[in-house]
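In the two assemblies presented below, subunit A is common to both, partnered first by subunit B and then by subunit C.
After this line comes the complex of A and B, so read on.
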């Protein structure tokens, strides 16, 4: 029996070993006053829940089969918002970014963000009038970047906020199936300001910490641009010759601006060191 | 590490003491007890409650290999690719009597897992989380007194974070359980009940794992494992066969990070299982397979395909 008691003592000793070396100390994850960290918005483009692949055909609920060849858009004026409503506005001069499917450019990288727990993110789609009216020289570098990404008209017309191009299937008058090109170029014009801002809730907190990166993974649904709350049929916008569709102005841009408010949703948030997206 | 080695020393001491305390080796006729696996990897949907058990040996040391096949969605979209995940584990396991009506169970797993991500093949390998469980026999029918014999055991244990937890693998959109350990101290409660009439028996087991936050501030959800297994003892002069069939289930609570619920991480699964054990002399071998009947793991982003195991035990 003595021997058995010794065994019990051994079990207790082993257990206490575990307990004693359990320790919850951590550093690097505390909020330090005045410290800054990094964050990124990662845009994962999709079509009605499916991943977007350039060149793949998708049939939308309008009954049109669309093949996307190009998808670029401008993200701007990023604001990170805490639970108490206080916010951090990213410096205006650096707050314009281009997401490009064809160039594999999906990330908005943000530096020098005050550490803290952020619960919402707000950003614009396109370029606001205020910035545009600051003039060409004030935003030369972004204009050049936009130009290089096919996101500009002439300076007097301004930026393209969204450049969405491809082909769609059309049955011609002779009953022949054809692939016709379409172009949707979203932007503001002298008649209407089509810049819009969205505020998205984060499913879990974006914890911005010193030497850490908080990555906000956003699912973008391109399908809603034409097939959102308001439906826009490409067929209804065929040119006079019936050979192509070009949506670059008028009422359609107002509808697209409205539809784009539901284009984005945060899927998840990564926190901690080394949580970069590919 | 030193402490873990010490633990192993303690465990081996039990083994040693068992052999010299002159506890009679269990008779094969006196079949018994499930060995309860209790969350071998500790990660959600990775090994917990496999319920693979020795229906032959009450007390033993042995080695077991088990394989778990999963498919996991690599991406956030409906049409994101499904990738195969293979979880392999070699486990030293033992159930050792310490004194009358009290046994210690220990599990020392070594994992080698792999999966084919769109970005390439990913492998992880290493010592897993060691589990030590004490089981007390609450009730046991005296033999030959009734037609039915009953046995009830209850116990508690601890799972130590001897396996390395890699935070990068648990965040994001793929299976968060692709780990060799939870990185956390987890605490277990377990109960087993066996009813037997002549050669036919039924084993019911239930266990619950309380999981704590690891040093990366990730906390796997608490886990409930349960199983019910019918077994039949076929005894011959030279050997004993125990075919078995049953159901096993697992439910997982939501994982947390920094104390916040992570959406779509809870789940449940129900398996059918079949097995066969064969014993001769002091040795026995076992073969088990499990196929899911219904499941909803990680918001539908992870699917279990099958599990199987093979083991070699030496009866104490």
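After this line comes the complex of A and C, so read on.
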């Protein structure tokens, strides 16, 4: 070891820089120009702070007890944003994903991301109208994937953005009733565009590095869909026979789209090599 | 690293593809409005069109192999299911709507009576999956067609990715329907001042009446403005078809249906979304004296508190005479749309 004094000083300075960064960065691998790394968005579904378990009942502030049987949704148009506002838009052709509770599909896996430090993530819930109107030539195999995940409408042709189904029972004063089935199929139709985008701050920097995976852990609160800023009582949407609820159009979808803006929050970010959730 | 050999092979495939698959000649007739679909995205090619035509006539698109698109959309009646108020599909199951004509689809922005589709490439999804029409899935159709050599070859010539896939099935059908243009009726020739474009005095007065009384909804030479309106048909209590509301979920859309094109109208009885009228005479009788008031009735049919459109017996005759001029013999006899095995 033949360190010269000024080199030691330089190394020390660099080390202290790393140390000061280590609040959010636990090691100091370098950003190499032109290099790419991987990232993933991990969606952790919950109901108002409780972990979601299909088949379990949750009582919401609307006085309704909801048992979720199915929860699938489409995440799209992912953009990673740096501190200086510059961004990396994931290639449009591969930028559509399905999260499915029943199938245990919770991750959006992203490859070939320019290495760098990302501070925000932006994504869409559903399929944007531009993409939809581009028809089959643009959508390619996404239709098959969506179909296989129960995320298409074939009578009014399009995608279900959120497929949320289960049963509910009334627990409040406006009458008790037995468990009745409900279906909430959120989506756009040829009259209303219910696609929405959210931009979320990352509490720790997502450091995308060569041969590393930055995993962004997102909490999704399903409860806000019906019990968010705008309240939607399933009871108020019973069919004429009073036997079931299906919400698939009209004003309700516009309200749900608005509520869904508050559905996601980034909990934490893991940086470093290897996958963090499998 | 791409090996040079691989590169050469892919080059070869590409030139093959271009060689056999020329672009078709698509022209917008001079009296037509602008295209409503962006056809460049899926521009008709000879092989793509041929494939689309074959698919349109193939019963393998239905789950039990009995029903093709052409089964309900017959060329001789401008691609309607002539004589059926409700189309029957697989297992003789009956649908709840009357089959409309297929023509000039690339000039329309909304499909089906309720606007269930807005893209010419996507619309085939509806009949294919409808449990009382074809009751199939795209993926399963692809599985069936992959077993047929002639299809495998056609798909490989028609599309750059060469695959027998859901995507290409829809695109081929889209190309076929893009080419289905009806623009050579006697009326068209009259408007374009072409040989054969002669209208009688009665037909001319029918056209005049139509322009005054009907063209605000049955607009342009497409004879539709692609909007949804309630033209005052009393709801059919057995069906309670909500129309546009089915798709949008808005009560304000109740009983609104897409304004249909009236091209080839003399060939497409029965009329209206539920095929309730057997003749054009009954349609005109309805507009003159059968329009029913309701919350969503189009204001044009309730002008100055008078329901419907006043029509004398002579005027009705003139309108019916005018409708005959919308028949396009070239279209219904065009060999291009036949499928010959």
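The rule we apply is simple: the second predicted complex is superposed on the first by the 238 of 278 C-alpha atoms of A that agree within 3 Å, B and C clash if a C-alpha of one lies under 4 Å from a C-alpha of the other, contacts with A are read in each partner's own complex, and residues count from 1 in each chain.
Everything below uses one rule, namely that a residue touches a chain if its C-beta (ideal position, glycine included) is under 8 Å from a C-beta of that chain, and two chains touch if they have at least 3 such contacts.
All values derive from a computational prediction rather than experimental measurement.
Of the two partners subunit B and subunit C, more subunit A residues are in touch with B.
In the superposition on chain A, A:93 makes contact with neither subunit B nor subunit C. In the superposition on chain A, A:137 contacts subunit C only, with no contact to subunit B. Once the two complexes are overlaid on the shared chain, A:147 sits against subunit C while remaining clear of subunit B. Of the two partner chains, subunit B is the only one that A:271 touches; subunit C does not reach it. In the overlay built on the shared chain, the residue A:189 is in contact with subunit C alone; subunit B does not reach it. Overlap of the subunit B and subunit C interfaces on subunit A: none, as no residue is touched by both. In the complex of the two chains, the subunit C residues touching subunit A come out as 41-42, 110, 114-123, 125-126, 128-130, 137-139, 165-167, 170-171, 174, 244-251, 253. Chain contact summary for the complex, subunit A toward subunit B: residues 1, 3-4, 6-8, 10-11, 13-15, 17-18, 21-22, 24, 26, 29, 44, 46, 49-51, 203-205, 207, 217, 219, 267-268, 270-272, 274-275, 278.
Residues of subunit B touching subunit A in their complex: 3, 6-7, 10-11, 13-14, 17, 21, 75-80, 98-99, 104, 119, 132, 134, 158, 160, 167-168, 171-173, 185, 213, 215-217, 257-258, 260-263.
Residues 132-141, 143-144, 147-148, 152, 154-157, 189-192, 248-253 of subunit A are the ones that touch subunit C when the two sit in their complex.
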